[in-house]
Structures are given as C-alpha cells and as structure tokens.
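Have a look at these structures, which come just after this line.
Both complexes shown next keep chain A, but they swap its partner, so chain B is in the first and chain C is in the second.
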Partner chain A sequence: MLLRHTPKEVTPRSALVINPAKTCQPIGAMYAALGIHGCLPHSHGSQGCCAYHRSALTKHYKEPVSAATSSFTEGASVFGGQANLLQAIENIFTVYEPEVIAVHTTCLSETIGDDIKQIRDKADKQGLIPKGKHVIYCNTPSYVGSHVTGFSNMVKGMTELSTSTGKKNGKVNVIPGWVEPSDMEEVKRLAALMNVPITLFPDTSGVLNGPLSGEYHMFPEGGVTIKELIEAGDAIGTLALGEWCSADAARNLDTKCKVPCKVLDIPFGLSATDRFIDALRTIAGTSVPEEITRERGQLVDMISDTHQYYYKKKVAIYGDPDQVISMVEFLVSIDMCPVHVVTGTSGAKFEKRIKELTAHLPYEVNVKAWGDMFLLHQWIKNEPVDLLIGNTYGKYIARDEDIPFLRWGFPILDRVGHQYFPTVGYKGGLRLLEKILGLLLDRKDRDDPETVFELTL
Partner chain B sequence: MTETATATREARPAIFEERKDQIHRIGSEPFSMACNRDSLAGAVSQRACVFCGSRVVLYPIADALHLVHGPIGCAAYTWDIRGALSSGPELHRLSFSTDLQELDVIFGGEKKLAKALDELIARHSPKAAFVYSTCIVGLIGDDLGAVCKAASLRHGIPVIPVQSEGFKGNKREGYQAACKAMRQLVGTGDISDISPLSVNIMGDFNLAGETWIIKRYLERMGIQVVAGITGDGRVDDLRRAHGAGLNMVQCSGSTQDLAKMMRDDFGIPFVRVSWIGIEDVAESLYAVADHFELKHPELASGLVERTAELVRDELSNLMPKLAEYRRDLEGKRAAVYVGGSFKAFSLVKAFRHLGMEVVIVGSQTGTEEDYRELAAICAPGTIVVDDANPLELSAFIKEKDVDIFVGGVKERPIAFKLGVGFCDHNHERKIALEGFEGMLNFAKEIHASVMSPIWRFVPRREFGLNKKDAEV
Partner chain C sequence: MATKNKLVQWTPTDVKEELLKKYPPKVARKRAQSILINEALENTTPEIQANVRTIPGVITMRGCTYAGCKGVIMGPTRDIVNIVHGPIGCSFYAWLTRRNQTDAGEAGENYMPYAFSTDMQDSDIIFGGEKKLKAAIQEAYDLFHPKGICVFATCPVGLIGDDIHAVSREMKEKFGDCNVFAFSCEGYKGVSQSAGHHIANNQVFKHLVGTGENERPGEYKINLLGEYNIGGDGFEIDRVLKLCGITNIATFSGNSSYNQFATAHKADLSCVMCHRSINYVADMLETKYGIPWIKVNFIGAEATAKSLRKIGQYFGDKTLIARIEEVIATEMVKVKEVLSEVKPRTEGKTAMIFVGGSRAHHYMELFNELGMKTVSTGYEFGHRDDYEGRQVIPNLKVDADSRNIEEIEVEADPERFNLRKSPDEMQALEAAGFEFKKYDGLIPDMEKGTLIIDDLNQYEAEKLVEIIKPDIFCAGIKEKYSIQKLGIPLKQLHSYDYGGPYAGFKGAVNFYNEIDRLVNSKVWSYMKAPWQENPELSATYVWE
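After this line comes the complex of A and B, so read on.
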C-alpha cells in the first residue's frame, strides 16, 4: 500500500500540503504561451523551474517543449535579473528566431523585484527586439495562486497586444481555458459548423499534438498568430470559457478595447455544451445546424441507453476549478453522485458553485478549494466511492482503495489519447461516457460471481 | 514562411557564438573545451537547478521525511519524480510542502516550517527528516538551521537542513548540499557488527532495482553491503555507513563529495566504479576484491577467485544472448546525451559490445577532463558537446544520421520527432540497466527501439527504405 501513511481520521492541518492537487503559476504561463504561433516561452528565474516545467509538459503531451531561461545565478539574485533578461532577449532573437518571446516570472525574480515591463521597454529602446517581433510578459509569482492562475495571467498578457482600430471585424474571440490541444481543435470545429468566425487563443492544437514528420521544429505549425491577437481588439465579442482560466483576459479586452465579453463554463458535458452552442448561436444570429443537433442527439441517446449504470454511483473528483465545475454538472446530470470534490486552487467561489450544482441531492457534498490529495484520500477512506476522476496522481489512491479510475485533467503522465481525443463538446461527452461506462462495467465483469456474469449490456 | 526560408533556418546550425568552445569534433582540431560554465541567459538549456540535484540524491532514503520548504511547485514537480525502489517503507513517495504564500514571503516562513515539521513527525514517526531550502527561502532569509535544530530537539530525531537554493548553481552544487546533509548522519550509528570486508554502494539510486543487482553480486563474493547511498536507502544504514571498509562511488558528481568527507573523517578509502556495461562492471567488482585482498589478506582468501568465478558465470550466460542482439545492431549509430559524464564513458563501451558506434556524446555537467577522456576513447568525427540545446541536438542527430538516442525525458520526443529510436538511461528507465543482467536489458531496450518497424514510416527515411525494400 503506497499510501499506507494516510490515516483515516481527518485532522486539521494549517502549515502543510501533502500530495498537492496543484502546482505553481509558471507552468500554466508556459502552457498558454505555447498556444501562440512561433512563441518561445521564457522563464525569468533559475534553470530548475524551466527544466521542471518543460519536463512536466513533455511528459503530459509526449511532445518536445522548448522554453528558455534567464539562468539566474547568485549574482543575479543579489543585483537583479535585468542584465540576464536583456541578454536572454538578445540571444533568443538571434539564435532561435521566434516571432514572440513570452516572459513569465518566478518566485525568485518576483521577490527580488524585477520590473519586467521596464526591462522589456529597455530591450525595445536598445533595439534588442527586431522589428515586427514581440515580447509579451506576465507576472507569475509561485507563492500566489496556482498553475491555473499562471495560465490566466499569460492569456491576459496576450490581450495586451490587442488594439482597437475602431472598426469591428466581425470575428468572435474564444478563450478556451486550460484544455487539451484536441479540445481546442474541437472548439474550432464547432464554431466553424456554427458558421461563426472565431479567433481562438491560446491555441495549442498543432503545437502539442503534432505528427511525426521526421523533422524537429522548435516552432510547429499551430498556434494563434500575433496578427490575430492584435486584431482581437476589433472583435465583436469574447466568449471566455472558464472563470478561473479565461475571464481576466476577456475582461481586459473589454476594458482596453471595448470588446464585450461573456464568461461561460468550459463545455464539458451536455448542459455546458448547450450553453456554449447557444452563445455562439446568439452571436451569429443563426440557428443551430443539423449536424450539431445530431451530435447532441447522439449524446442524449447514449446517456439514455446506459443511464441505469450511472444511477447513484458515487464519484470522487479533483482537478482545476473550471474543469471540475463543468464535470460535476455533467455527473449530476447523468444521475451520478459526486461526493468528494477537491481543487488545489483557492477560491470560495468554487465551493459555492459546487454546492449550488449539488444542492438538490439528498446528501451534503464534501468540497474543498485549496485542498490536496491527502485530504481527498482521507475522505474516500471514510466514504468509499465507485469512481475516481482526476489527473495521474490519483493512481496511488485508485490502487490502494481499488477504485475504477478515469484519468482526466492535467497532468496525465501514464496514458495517451488526451492530446488527440477531445472531451469538450457533444463528441467529447460521448468519449467521457464511453470511458466512464467502460470503467464501471469492467469492474462489474471483474467482480461479478460466475452465476450472474453477463454477456450483454 | 516560404519553403526556402524554412530550409535556410533548418540548415543553419543553431549554435551560439559563445557556445562554440563547448562543442568539439574529434580529429578536426586539437582538443579544447570549456565546461562547467553557467548556461547562457536565453538558452534552451536541458539543465536543472541546485534543488533538483539535492532532491534526486536524497530522495531514495525511504524512511526519512522529505519536506520541501517553498512554494508548491518545487514539491509538486519532484513528487515521485523517478523510480527509487524501496524494499520496505515508502514514505519518500509522498510529497510534503510548506506551500509558501505571499504573506509567508513577507513575514518569513519559519513558524510555518516548524509547525509542518511538528505535524509530520508526530504523524509519520520518520527516522530522520530532510528539509529542503528553495530559491525563495534563500532570499527571505529563513534560518533553516535554527528551525531544524529546534525541531530535532523537540522530537528526538535528526532534522537536517539541505541548503539547496535553486539559484546557487546547477545540479552539481545540489549534490554537494545533499552530501553535506548526509554527512550529518554518517558516524552516529553502532558499527560493532560490521565485517571488515564491507562496502557502501554509492551513487546508485535503485531507479529500477539496480542496487539490488549489485548487492547480490557483492554478497556472492562474500562482501557485506552496509548502505545503499542512496539506492533503497535507510537512515540507520547511513548512520552506520562509516563502518564500511570501502566506498564504491558511481556517478561522477552525486556522492563523491560524501566519499571524500568519509575518507578524510573516518579514513575510508573509495574507488570510482561504474555498473554499466561489461568491462566496467567486471572491473568494479575486481577493484573491490583487489582492495580487500591487499588490505585484509587474512580475511580475503579466495575472494579474487570467487569474483572471477562470478564474472565468468555471468559472462557465459550473457555473451551468447548479446550476440543475438548484436547480429541486428551491428553498424548502427548512437547518440548519447546524459546528465553526468561517467555514464557516457560506460555507454560508449557498452555500445561497442552491440557492434554500435557512439557518434555524438555529451552531458549536462561534465568537466573538461571528462570530455578530454571521452574524446580519447571515441572515434574521429565524433561530436562531443557540453550543455546542449534542442536545436543543436537535432542538427547533430540529422547530420550523423543516428539510429538511437540515449537521453532523458526532455530529449525523448525530439528523437521521436526525427524518427530516431530512444532509450531512457535516466530518470524514467523502467528496467534495471546496471550489472551484467542490466547489460542484457540494455541490449534488449536498444534492440526494441532501433529495430522497431515504426521507423519505416518516418517521412524523412521512407524514401530510402522503400528503395532498399525494392532492391530486396
């Protein structure tokens, strides 16, 4: 039992996280930045941060992830990192030739008080930024928020490029939130079917789910272009998917360029997808095309075909706030019972939202923001569940407690497929259902005595 | 971008002017390399930090508490980061962090740390606790030493600060900090029952069971193993490590500092060994035998013979099996880019047993001397590189048309994108790659990847292979 050190009794902890359900801001900023075409993320701090983030992203996406670092030494930590960053900007544009460098900070550079905007402007004045190229940045101190905050901050940083010409271009900005490249592709497909011209940012499709080409490209095909980001200021509206991941950027566009925005849940599951499609429909002023209606019908059909297997099944779920909120809504809608819900990211709003979504259920859900996997495991020991949903770090609990386990979220270190098969939209809903049902029935087939072992669903 | 522009960019070797003396082509110029240099700001370096170095060295000590004092990331990224197999406790596989917040950064994190230690030690009753310092702790000036000392007094176990602030250098400095931390344990245990014919296995981390393989060999020879430092490590073993007659040190950087301290403080000699390949494993075992035959002739009778018999046994089992793999692998080319250079030496030799030539060799943290020696054993034309970046690596791989790349997690997808086989000889290995049976596993891994039918479908190679197929 790997987690034999986890006692059943829950005691309050004040100074300590055990088995985190979050990580620090910079990795989120790095992931977001990879969704810009020709962008080299840059970590302004020690080498280790950058190495860890690249490793973690590489393990999740099974793709090369390049990012540069200011390589802080003791000197930089005393005298400030300006010289390092200026040198880095010069070196990067000279050798790697990206279109844009996306700088994020670390706890180190934040604490010594480096002013990235001032350094960026200085680089510009010194001519270190070639004409037509860009340096964007965001502040991501690791001791504030989580990886989700870092993602949000970098997306907001992207909107700093946007300008308003005063003339609307008829496009809609869609900020997809921290989802897989496959999900971003699916969002684009749905918008195209709805006949809504969108600018999706960030967009890691084609960047982190590329084909084996026989060549290594530091900057793959995909990603939102700088031109598109600039023109995002002329869009007729912004749909921000996910309050935690995307809302800040959308509101910044509203303030800065008068692009009105609407914040939606990330479209996981039936109802959240309905709201997303409806929002696109409203903007486009058209009706929903037959193809999407059909996909929706297929999802409803599969739920009806299999609903008796979900009935009152208990679920423990952990992950990032936006994702978990949509998923809890979906689980409830198929009659499953999310009993333990944890996010590592802080936010009273998260707990409130989960309580609202589960208010009509005949039990009180255990919900915790700024929680960890240790607490989740303790809850599960006290009230066992039929299904565990979350990133790869749940596998210890799943093994020790013998629970069917759906890998979903970030990071997934030990399975593949998330890069290629979306879980957003109606199609994504089908895939989620297929996986959940497979897990539940595999377990039933494994545990049923011979006498009741069944051939047919 | 136009095709020509792309082609030009691809063709240009992506090398910083300043990095030219960190790359050497054997035979084309007199040997000269600058090493152990800080990475350039702006480089896409494959290197890591001080904390990373300390964390990986101490991590396998399975019955110790490992508490990371810092923001959450440092703990999250090193949670069960690699294999560190334990035959008993698994406390090391949990992730503990003080999760420093903004207010802690302003007002200091000492109280939080003390409290975290109290909670954890009370709950898990570890044999000792290691408290890792991170960048931020170095900046805000928490007195780690004082907090640890006080906790140690309160709880009656060693609570040891690891001075591993990330910005103080790269992994090398982290190894030193880890060695200093371990030194505090060494010498505090009872050694009355330890045989003079005894060793510590240093610099192997039991990623996939390697420490156990080596231990079995030594026990067959009649040598007692006192401590794995830190493979399958235990606090009490470290406390008694000064009772060993000899330290066997693998991995050029990681534990050599501790071996030196133990030589100076306890008079324990050390030998540098490598458990990778064939000659190096045999030589390492003979080195132990020779040492004890010289030092304790009265106790070591038959030791050298037993060692020879063991080596003979193992080789007679290994060589015919290797020959089968060699038949397919003869003439294939390998690239090696690893963390420490000791491994590069052994791998160059190991590949020769498979009939393969290493045409690119490099490491993150080698010294000039390391590279000079490497250049001496590799063929002319081989590229020797220190602290490479992905563009350099990919340009070299294509230039040398290699069949397999040996590296770590960040290099794997680069090799695969280029349609080249890959072997993780680093953190993420899944099977033991040391000892004689490790050599066989290595051959199997190399064979599995080099000979995979998937490479026939790689666009870059498809044409050539189709042509070859057509000729058959």
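After this line comes the complex of A and C, so read on.
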C-alpha cells in the first residue's frame, strides 16, 4: 500500500494539511499570463517559486514554459526587492524581448510589502520599459486562497489594461476560466460557429500545445494580444466562466469600463454547455446553428446509449471549485452519484452549490471546501466508490483502493491528451463520457467471472 | 538560421562573445566570469566564477534553498514525517516530484507519498505561525507516531520570525519518543539549492547521526554519501555492493531510513558520490568519528569498477579484493556486449551537460564510454571546488550569501572517535597512490577549448545549441522542451525522464540503450512535412 498510514477513522485536524487538493496562488498567475501573446511571466520572489511553477506547468503540458524570477537573496528580503525587479525588467526586455512582462508576487515579496505598482512606475520613469511594451502585475500572496485565486488575480490584472473609448466594438469578452488550451480552442470554435465575435482571455491555445517543427519560438503565435485586452473595455459584455476563476476580472471590467457581465459555470457537461450556448445566442441575437444542435444531440444520444453503466455508480471527486461544480452537475445529470466532493480552495459557496446540485439525491453528499486528499481518502475507506475523478495525485488512492481513475484537473503529470482534446462543450462532454465509460467497462471486463463475460456491452 | 551557422567555423572565443553580445554591459561583465574557455595550464586549473547570485530576469535553471533541503536531502528518507511550515505551495511542489525511490517493504513505515503542510494563512503571517506549527506537529504525532518529525521553514517563516527550532525542541521533549528538529531553509537563503543541502546535512549531523547503536550487520562497512536513489540508482549500487560483500551502513540519503542515519558513525569508510551536496559531511564524520573518506563515482561501468577497486584497496583484504574482481568480471560481460552493439551508432557524437553540482561531471564518464564527447558543460549550483578541485577550498571567498549558511564546528567524539586505520596504514595506502579526500573537479576532464559555463540560463542554452548543434543536451524538465523544439533531444538528468537506473553496471547498460534511442530516433527526421521540404508545385498531379 502506498498510502499505508491513512487510517479509516476520521479525526479532526485544525492545523495540519495532508496531501493538499490545491497549491498556491503564483502558479495560477503564471498559467494565466502564458495566455497573453508575447508575454513573459515574472515571479517576484525567491528562485524556487519560479522553478517549481515552471516545472509543474511543463510536466502538465510537455511544452516549454518560460518565466523569469527576481532571484531574491537574504539581502533583497531585508532591503526590499525593488532593485531586483528593476534589474529583471531591464534584462528581460533586453535579452528576451517580450511584448509584455506579467509580474506576480509571492509570499516573500508580499510579506515584506513590495509595492509592485510603484516599482513598475519607477521602471517606466527610468526608461526600462521600451516604448509600446508593457508591464502588468497582480498581487498573489501564497497565504491567501489557492492557485485558483492567483489565476483569477492575474486575469483581473489583464483587465487593468482595458480602456473604454465610449464606443462599443460589438465584441463579447469571454473569460474561459482555468481550462486547458484545447478547451480554449473549443470555446473559440463554438463562438465562431455562433457568429459571435469574441475576445477570449487568457488564451493558452497555440501557446501550450505547440508543434514540433525544428524551430523554437519563445513567444508562439497564440495568446490574447495586448491590443485585444485594451479593447476589451469597449466590448458589449463579458461572459465570465467560473465564479472563482473569472468573476473578479469581469466585475472589474464592469466597474472600470462599464462592460456588463454575466457569470456562468464553466461549460463542462450538458447543462452548463446549454447555458453557455444559450447566453451566446441571446447576446448575439441569432439562432443556434444546426451544427451545434447536432453536437448536443450526439451527446444526448451517447448518454442514452450508455446510461445503464453510469446509473447509481458512486463517484469521489476533488479539484478546483468551478470545475468540480460543473462536473458534479454533469455526473448527477447522467444519474451517477457523487458521494465525496472535495476542493482545497476555501469557500462556503462551494459547499452550498454542491449541496444544491445533489439535494434531490437519496443520500447526503460528503462535501468539503478547504479539504484535502487525506480526508477524501478516509471518506472513500468508509464509503467505497466506483470511480475517482481528479488530478494525477489521485493515482495513489486509486491504486491502494483499486478504483477506476479519471485524470481530470490540474496537474496531470502522467498522461497526455488534455493539451489536445477538450472536455468543455458538447464535444468535450462526449470525450468525458468516452473516458468514464471506458474506465467502468474495463473494470467490468476485468472483474466479471468467465461465465458471464460479455462480448457486447 | 541554425543550420547555416553550422557551416561557419566558430572558435570558442566567438561563441563566448556571441553569448554575451546581447546582455546589458553590467550583466555581460558578470556572466563573462562564469563562462570559461578551458585551457591547459601547466600546474593549475583555470578559475571560474561559481556559487554566486543569479542575475534577476535571466531565466535561470536554479531553484531555492528549501528545494535543496526538503526536496533533495530530506525528501528520500521514508520514515520521517516532513512538515513544511508555510503557505501550501512549497509542500505541494516537493510532493513526490523527485524520483527518489524507496523500499519500505510490505509493512515498513513510509511517509514519502504524503505531503504535510501547515498551510499558513494571512492571519498566521500577521499573528505568527508558531501555535499552528505546534498543533500540526501534535496532529502528525497523534496520527502516525513516527520516529522523527522534521520541520522546514519557507520564506515567510524567516521573515515573521517564527522560532521553529524552539517549537521543535518543546515538542520533542513533550513526546519523549519522537525526534523533532527543524531546518531554517527559507528559499531566499544562499544563491541556489546548494545552501539547502548544507542546511539539511548540518541538521542531520547534529540531530541524527550517532544517535543509534544497532547498525546493519556485515563486513566492510561503508557509508555512501550523496546518492539519492533517483530512478533506483541506489538500488543498483546496493546490489553491486552486496555482491562484493560490502555493507552499506547508511546512504545519505537515497532509500534511507532514520536508523541508517543514526548509525552512520559505525561505518569504516565514507564514499562520496555527489561532492557538491555532501563533502562537508564526510569531513565531519572523519573529524568526529575518525571515518576516512574517498571520492567515488558509480556513474559509468568503468567508473563503477574503479570505485569498487578503491574500496577494496582501502580495506586491503585479499578475499574482498578477489570478490570485487570477480563481480566486475561477471558484470562487465553484459556491459561490453551492449556497448559493442550500441557504440557504432553513438561514437563521435557530441553532448552538452548542464545539470546539478556533480552530475554534469559524473555523466561525462558514461558519454566517454559511448565514444561521445562532452563539448560544453557546467553546473546549476556547483561551487568552484566542483569545477577546479578541492585545493581551492581554503581560498574560496566568503560573501554575503555564503556567510549566512552555518558551518558547524565539530571535534573528535571523546567516546566514539576511533581511527579506522593507523597513521602508518594510512601513509602506506597514500604511498601506494591511494587518495583520500581528493577531488579534482570537472575542468581537468574537459578538453582544451571547450566551454564550461556556470548557472547557464535559457538564452545562453538556446544560443549554444543553435551554434554548436550537439547531438544531445542534458538538463532538466524546465529546459527539455525548448531544446527539443530545436530538434535536439534532451535527456533529463534530474528525473532521468522517468527511466533509469543509470548507476552501476545495469545502469550503464540502461544509459547506453537510452542514449542510442535518443540520438538515433527517427522522430527528429519528421519535423518537416513533404510540402515544406519540396514546396514547388508540379504542373499537374500524377495520378496512377
């Protein structure tokens, strides 16, 4: 047993987190910043933060992830990191020539109280920021919230660039939330099919799913441009997908540039995608093209064809609030039974939403925000499940408890596909079902006695 | 671009100039001292700047002190509960991300698949985190009753002044049966992971080594220092040692357990693998307990054989020496067989190695065996002695960053110090050419005119590859895909790309096959589509 010291009996813990279902803010900020075209993320803190975040993102995407660091030493920690950041800005623009540097802070620079805005203004005054180039920033203290908060803060930081000319440009801002490059591509495809001109930000498609061609472009084709971010202030509205990931940025645009917004769930599964498409349709004032209705029908068809295998199957799921909420809704909609639900990110709203989504079920779901995977494992020991859904770290629980395991979320360190195949939208729903069904039926094929072994399922 | 460059004859001086050309002048001046064109001097080794601050913004490969302490040194010990005191990230990123394998048996204690954190919140930063740390230690103790609990400081802990050592002492006294001690390994200390190795090793030496009495039974007792069992390297070395009849009392710290550290003072010889991360522990073991040390290298079949012979010569026992020769002879059969099959495809190819604090040197051995030349190399966190040899240690400058890394003073233990060899025996060994405490560093093994670069960054890496076009580049995960996009295979020498082991005899065979696979893979020929290679449109399509 890999997790041999995890007892079945749940005892309360007030101080010790074991096997976290979250990580810290800065990595979310770094991921979001990679979704800006020509952007080099910069970590204002010790070297280790940047190295760890780059490693984690690289392992998840199997793609180059460039980011710089202020390389704090003890001296910088005592006297402040201004000199380090100024030097970094000069070096980055001279050597790597990005369009924009996106600075995020760390627990170190936050604890000593470095004022990034002031340092940026100073860099500007000293002429360290070449004309036409930008330094954007956000505060991401690691001791507040989680990686999701950091993502949200950097997306909000992007909207600081937006300005309003007073004239609407007819475009819709879509903030996709922390989803994969493939998902961002899928959102753009759906919007194009609907004939809705959108600005998607961040947009990591074309950045973190690049080709191998013998050429290395530190700043690939993809990503939202600075021009688009500036013009986001003239959009007719913003669709923010995910309360935790995207709402702050959307509301900031509303306050700052009077761009009205609507917060939706991330479109994983049938109903959340329905709501997303319906919102796009209403905004654009058009009818939904046949192609999308057909994709929806295919998803419904697959649910109906394979419903018997999902029915009443118990699921344990952990991950980030926005993603887990949509997934739980999808699982419930196909008559699966999410019995244990954990996010590492805090938020009473999360527990409330999960309880609402599962209210009609004949059992009470175990749900915890700011929980950890140690607790989830203990719950599973007390009430076993048929399927486990979450990031790669779940493989230790899955192996010990012999549970089929769907890798979904961040990070996925031991499989590929998330870069290329979306799980948002109806097509994404098809892929999720294909994966879930494969896992359940592989298990059935493995466990069925020879006498009842089936050819057709 | 890159292909055209290959036609130009670049001298090492040209390359160096090209690497520095784009930097702001101050940066160029500083980097120039870390880029050495190797030259053959008469009696000395050329000097390189190392173990100095990374310039902000250059995109370094380096990590932090915490990573070196918790991740590298303490990570591989299976039966200690490692609690990270700080915001959640530091514990999360060091959770199972290094490939130090361990063998706890069916029922042995093993906390390595767990991540423990105090998950500090803003209120802890404002009001102090000692109370929470104390509660976390208590909860860990109540849940697991481990032999040891280690506490690691992250950046904010040092800034807000939590006294993690006092808390640990208090809890240790309270429990009575659990050794609790702490590491002030805040990420901002030092200039790289190296400072963290030092902080970790000092605490292990102070709080753990010499606290146990029941060592592993056996003859010819050694410690293996600086071997972290990445990809099972330590397993392979232990297999070979066992075949030879040599007893490994303690590995620092691959596949290690609490008791192995505690009984390390019972060994009769310390064998140092990774000079960078641990040479000072070897010195302390000698001063305090009288255990002499030698430098070994189990990376490379020939290097392994040489290291085994060195151990045999030290103990001087004819039976042992004969057994070692027998093991080498048996193991080399397979090694030679694979090498003779692989070498025709690897001979003459070139490699670059930019990794670690000793690995860059060790892996040159394996490439030599494959007939491949290392054309450029350097360390991520090495010091000058790792480049130039131990003779420079007395002259190393102590700067603001190294000053705050504790050097512990040890003296001979009044009861347990004993000389393993009499001064006469030591002299006789030395007279016969046996070298104690000797390490010449990487530079003497590099050819004249090669480039040795400390703390290589992304820009320099890309330039080097474009200009010199090696057949393989060795570094880590952060560098892997940018180099591979250029069509050059990158072999990770931190994680081994999830393969290995590469140590010992079986490891050498694995490495030969792996390098053969990488440098001869067909995938590098698929990068251009047919219409990119021949874009001219023929007049009409020729149907069958």
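As a working rule, the second predicted complex is superposed on the first by the 457 of 457 C-alpha atoms of A that agree within 3 Å, B and C clash if a C-alpha of one lies under 4 Å from a C-alpha of the other, contacts with A are read in each partner's own complex, and residues count from 1 in each chain.
Heads up, the rule we're going with is that contacts are C-beta pairs under 8 Å (C-beta built on N, C-alpha and C of every residue); 3 or more make two chains touch, one makes a residue touch a chain.
Only a predicted model underlies this, so the values are computations on that prediction, with no experimental measurement involved.
When the two complexes are overlaid on chain A, chain B and chain C occupy overlapping space and clash. In the superposition on chain A, contact is made by A:Leu2 with both chain B and chain C. Judged by the touch definition given at the top, the superposed model places A:Thr204 against neither chain B nor chain C.
Within the superposed three-chain model, A:Tyr52 lies in touch with chain B and with chain C [touch as defined at top].
Residues 2-5, 7, 13-20, 22-27, 42, 45-49, 51-56, 58-59, 62-74, 76-77, 84-85, 87-92, 94-96, 106-108, 111-112, 141-144, 146, 210, 212-218, 344, 374, 393, 396 of chain A lie at the contact with chain B in one complex and at the contact with chain C in the other.
Residue ranges on chain C touching chain A, taken from their complex, read 22-24, 27, 53-67, 83, 86-97, 107, 109-111, 113-122, 124-125, 132-136, 138-140, 142-144, 154-156, 158-160, 186-192, 400-401, 404, 458-459, 462, 476-478, 480-487, 523, 527-528.
Taken together, the chain B residues at the contact with chain A in this complex read 9-10, 14-16, 38-52, 70-79, 90-91, 93-102, 104-105, 111-113, 115-116, 119-120, 123-124, 134-136, 138-140, 166-170, 390-391, 394, 409-410, 412-414, 416-419, 457-461. Interface of chain A with chain B (complex): residues 2-5, 7, 13-20, 22-27, 40, 42, 45-56, 58-59, 62-74, 76-77, 83-85, 87-92, 94-97, 106-108, 111-112, 141-144, 146, 210, 212-218, 344, 374, 393, 396. Here chain A touches chain C in the complex through residues 2-5, 7, 11, 13-20, 22-27, 42, 45-49, 51-56, 58-59, 62-77, 84-85, 87-92, 94-96, 106-108, 111-112, 141-144, 146-147, 210, 212-218, 344, 374, 393, 396, going by the rule given at the top.
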